[in-house]
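Multiple structures follow.
What follows is chain A paired twice: with chain B in the first complex and chain C in the second.
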Partner chain A sequence: MNMSNLTGTITKNRVLVVFAFLLIFPFLAPYEALATDVLIYGLYALGLNLVFGYMGVLSFGHAAFFGVGAYGTGIAMVHFGVHWVPSIFIGILMAGLTAMIMGAMAIRTKGIYFAMVTLALAQCVYYIVYHMGELSGGEDGLTGVSLKTVDLGFTTLNIIREPLSKYYLVLGFVMVAIFIFSRIINSPFGSVLEAIRENENRAQACGYDVKLTKWVAFSISGLFCGLAGALSAIHLSVVPIESLHYHQSGLAVMMALLGGMGTFFGPFIGAMAFLMLEDIITTMTSHWQLFLGAIFMIFVLFFPRGIWGSILHWISRR
Partner chain B sequence: MNGITLELFVMQMFTGLALGTVFVLMAVGLSLIFGLLTVVNFAHGAFYMVGAYVGVFLMGVTGNFWVSLVLVPIVVGTLGLVIERFLVRPLYGRGIDYPLLLTFGLALVLVELVRIIFGLEGQSFDVPEVLSGAVNIGVGYFPLYRLFLIGVTSFIVFALWLFIEKTSYGLIIRAGARDPEIVRILGVDISKVWLIVFAIGTGVAGLAGVLAAPMRSVIPDMGSTVLVEAFVVTVVGGMGSLVGAVVAGMLVGVVVAMTSLFWPSLADLSMFVLMAVVLLVRPQGLFGQKGLMG
Partner chain C sequence: MTIKNENMSSAGLSRRKIIKGAAAGAGVLAASPFLLNIAGAADDTIKIGFPVPLTGPYGSEAKEQALCAQMAVDEFNAAGGLNGRMAELLVRDDKLKSGEAAKRTQELIEKDKVHFVAGSLSASVQLAVNTICADREIPYVSISQSDAINEAKNFTKYTFHEAMNPHMTAGAVGRYVFPKEGKRVAFLIADYAYGHEMARGFKEAGKAAGIEIVAEVSHPLATKDYSTFLPRIQAAKPDVLCLCNFGYDQMNSLKQATSFGMKDQMRMVAPALLYNQRRAGGAAAYSNVIGGTNFYWGLEDSIPSAKKFVDAYRKLNAGAPPSDYGAYGYAGVGGLLAAVKAAGSTDADAVIAAMESTPYDLYKGEQHYRKCDHQSVQSVYIIESKAEADMANEYDVFKIVAEDKASEDVLRSCSALGLG
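Let's look at the complex of A and B:
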């Protein structure tokens, strides 16, 4: 089997490949909590990749969906005593709603304006949540999102004591999301996204409603990021206000680009590289941000395809 | 609404204009750079922050506010010059997103470098003796330093306008904004023009930083809020329009000042509401051209 056959097989069974890898991943990662972070941030970057990588529209506002997903889930659990499973769906729905509203405004602009408008609108969400007082915890963030045990019917997971059980709990949600994501980009809708990326005017001329497609893709992308946020609330048991800041949006952009935007595995590889590197560098110096910025600039300048994109490119050239 | 007199209203108007000066300076630089280079400078807030810190440093060395005020834009502009030449220039022709992403990374690096050099604590930057105090402007006493801000900003905007509209170099800049290809064919080294425009834009951002330093606290993160504010102003005014940057900067300043007078809790949000309204009514911004967005 030559190389291009191999990549063909991987692409055809990509969901299974990701699943197999993520099943054994906690045993490869330095510790389980980091592995869970990779799942959550991989999903977050995956959600952004739908608009950034596949549709070619740069959004700097996805922190709003991650944050609203986290706050929505957390507030439902802490203040209203809702069971954790419906709470997650409340978080996802609220993130989706936020994406629909933000998207409706942002699609009125084109090109580079989109990044600026999404960033400003997300910052607006930041201030709204910041001023919600007791409901959101304001500057201190939301604390006390506690989920100690999960009753699966046949067994009970003690996710506080067993980080590995927590990993597999999160993995369950992430795998469903990855499966749905894979179906979306394989659908005719997914092809329209790529048509918009390649040439927006041509897609319009072909009769596709570009604005509507952008809005729908933006909203769907918000749902995925909302789930990532909801899972992060359960994982950390707090929701810091920083999860709404535009630096959080920047994280998803950096992970997607580092891994390879517009590729299926890229966001997870990017999240993995990012978080593991952060884990190593922060043990040596407190100036991780300096290295992060420098590494990111090097990728933008010399490896814009990202890690996975560069590997794919290298294989296809042989 | 008790106690809100006409005098208070007018005073708040002036406060808004003074607040707007920082927005104007930031948006003018951002817009100028975008208009010519089609680069959205995400490090604009970081240059603003560097300007404030260079100001603090120069004040410590020279002890003279005026010397610092003149030197800061030169130092920050030179930094911008180097960055355009070695980091941004390789990205031209590679799509509009790449310079934006690069400057995002650059902002992280600049902020962290300042943290390493100056530490995490805020620095103090005092208003010089001559500019402290308040003067009577007819409706009440207004801080002299804020009047000074309005004066300096008017001067800078006027000087930029003269430079771009009335000099032969400005003619090249305007031509370059319209069609860089033709300018190049006519034998002008357009990359030199871009270099200078990037330096001017970042220099003005540095100046905004040092001017704002006495009013806002000088911390390494000070650029991140102001970047968002500058984006809002640019979207409201219209990308690439100098007039738009000035009018929108003042407008946003006054809107924020007025909401903090009438509904203090909504002050943070008012500028975003304004932006949303502009997006709904006139997506290209108040003074933006329709074609520029694509």
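Let's look at the complex of A and C:
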């Protein structure tokens, strides 16, 4: 692809571009809670994009990492009274651990089988959590994850009363994650991921340990999704059982596709487009699924690069 | 240089520039939502958020709840509102998912600045809505059955429960049925919170009657085929079978039980016998089933407020009478607005005080909120489903056989709930 200066600039400064945009985003979104949701789901789709877009492996089980991250954080806060900051890290680590275990089993398979195995394993996680009624709340979900104020040392944020400060609190975490993600993509490890996507046999012939790379990438991807889940527990103050459902896995795939798989900013654009469309259409008609489905099909058929991918492609051709 | 500088160097941070520049990626698709962020002018409308599952398996019930809630709002406005302040109902689709409901409720409070929230049609979803509202000090009236919402873990002073709870309904039905029909009791339980809460209510009521539990079978939520579950119950030869399930599960299990000939062997009992489900399922499947309900339109013959509600609904709906869950929507929002009028303001504390202290009678006789857990104390009506031959018209599906009078005695005690 013949990149012009502009796309080159965007790619080089991608973290800054994303940051600048997300900084002003809540003033553009219909309301703050939706903006926060876009952040969380953008991060979630970003995590999936590491294996889906960059490594070319489709997983249908990422809800497990999102959900375990959310439940890990929520349970630590509600049942063990842990402070919210370490709770988030507990959530991330548990999600990472789940990803390591699921990854170890799933990377033996390829293609559609990989997607099916991850789907099945994620459903196992769903039912395990569902039946841990005492801890997880089962069907009712986990309630009472109320983080009302955040003491930053120099000031105290009332995140319930001021949804904007909640957005920036979440943004803080998301930006650190985006920065780390960018470094991973830029590293030699990131190049191996893309090599696997382009030609797995050749990457293996070049001497890369494809299985190990896949496993590590899958686990890292789980960490990112776990953070997204942890942040959603704090954002919603409840952890619904459907955060582990396979619909949730499909959501990440849909957002990554819509925004542009394998592009850095695509998942956020996808999350934004999806959530905002859903927000608007559901207030207008109860047949929202029909419209979203049609839009999704139009994109898959006519813009396979996704929104952001198509824009980058279009700019670079001018 | 970034894309941001590229597009915004000349004109500063006007909204349109930002839309064109930084949001280029979102393109036309997302541009329209951006434009919606024009802060709503501060008006003095009394706003009530109403999240219900318009899509999903309970869609028809939810739409009826919204319709009835709108009736309550229209009546309030027609009567002059609160000294000229009009009320407005904001209906949102919670998709029967608690995460979605939590999001929608945040939207209602943050963006639409609602004063109150009512609604939800699921034991789990209402707990999520309750958490969001309580954290933000917005009074919430739940219009869906749940035991958990009355418990200390979930109850706050902002929490009101207009619907009956499983303990009340199953208890009332059990007290009526067990002495009459026999002591050998079997349970068919939908394996989720509400299913088990109903079974618990029956067992509590059964203690006094000295029942013997001969079978207890759980089935997964949304089961279509009951042929593996029902024979186990048949084999136990119970006098009474308690169906602790809801909606389509109730309908499907009843249909199959009927075709297995189980009605001749035992009495079928359902704590929440639903009007819409009965009409969808047909007279044959439901005939002779005994159940509990908050409301049946036949109450119009004996209760003036029921007559008023049914007549008003009929006028709007081509003669069709309202359903039980629709009535919850009417009472939930109507009760809230009556309290607003009594308090003379929309201040949360004043309205809460008014709701705690004022009995109300909107559609089924007198009700009041118990002080300790804000559970609406109300009569449970015991109904029996009619056979095809006994029906006067298509709406005439139930016969009211008894009334379990409104009383705090049939509720779990405040101390049992952990509330002092």
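Here is the rule we use: the second predicted complex is superposed on the first by the 315 of 318 C-alpha atoms of A that agree within 3 Å, B and C clash if a C-alpha of one lies under 4 Å from a C-alpha of the other, contacts with A are read in each partner's own complex, and residues count from 1 in each chain.
In the analysis below, a contact is a pair of C-beta atoms (placed from the backbone, for glycine too) under 8 Å apart; a residue touches a chain by one contact, two chains touch by 3 or more.
The model shown is predicted, which means the values in this text are computed figures rather than measured ones.
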{"item": "Which superposed partner A:F265 touches (first chain B, second chain C, both, neither)", "value": "second"}
{"item": "First, second, both or neither for A:F27, with chain B first and chain C second", "value": "second"}
{"item": "Chain B versus chain C as contact partner of A:V117, first or second or both or neither", "value": "first"}
{"item": "Partner chain(s) touched by A:I307 [first = chain B, second = chain C, both, neither]", "value": "second"}
{"item": "Partner chain(s) touched by A:V176 [first = chain B, second = chain C, both, neither]", "value": "neither"}
{"item": "First (chain B), second (chain C), both or neither touched by A:I280", "value": "second"}
{"item": "First, second, both or neither for A:Q289, with chain B first and chain C second", "value": "both"}
{"item": "Which of chain B and chain C A:L152 touches, first, second, both or neither", "value": "neither"}
{"item": "Per-residue contact with chain A, leading partner among chain C and chain B", "value": "C"}
{"item": "First, second, both or neither for A:L58, with chain B first and chain C second", "value": "first"}
{"item": "Chain C-contacting residues of chain A that also contact chain B", "value": "289"}
{"item": "Chain A - residues contacting chain C, complex", "value": "6, 9-10, 13, 16-17, 20-21, 24, 27-34, 37, 138-141, 143-144, 146, 148, 160-161, 163, 232, 236-238, 240-243, 259, 265, 269, 272-273, 276-277, 279-280, 282-283, 286, 288-289, 295, 307-308, 311"}
{"item": "Contact footprint of chain A on chain C as seen in their complex", "value": "1-4, 6, 13, 15, 18-19, 22-27, 29-30, 32-34, 36-37, 54-55, 59, 63, 92-93, 95, 97-99, 102-103, 106-107, 110-111, 123-124, 127-128, 130-132, 135-136, 148, 153-154, 192-193"}
{"item": "Contacting residues of chain A [partner chain B, same complex]", "value": "58, 105, 108-113, 115-117, 119-121, 123-124, 127-128, 130-131, 245-247, 250, 253-254, 257, 287, 289-290, 292-294, 296-297, 300-301, 304"}
{"item": "For the chain B and chain A complex, residues of the former touching the latter", "value": "34, 38, 40, 87, 90-91, 94, 96-98, 100-102, 104-113, 115-116, 224, 228, 231-232, 234-235, 239, 265, 268-269, 272, 275-276, 279-280, 283, 293-294"}
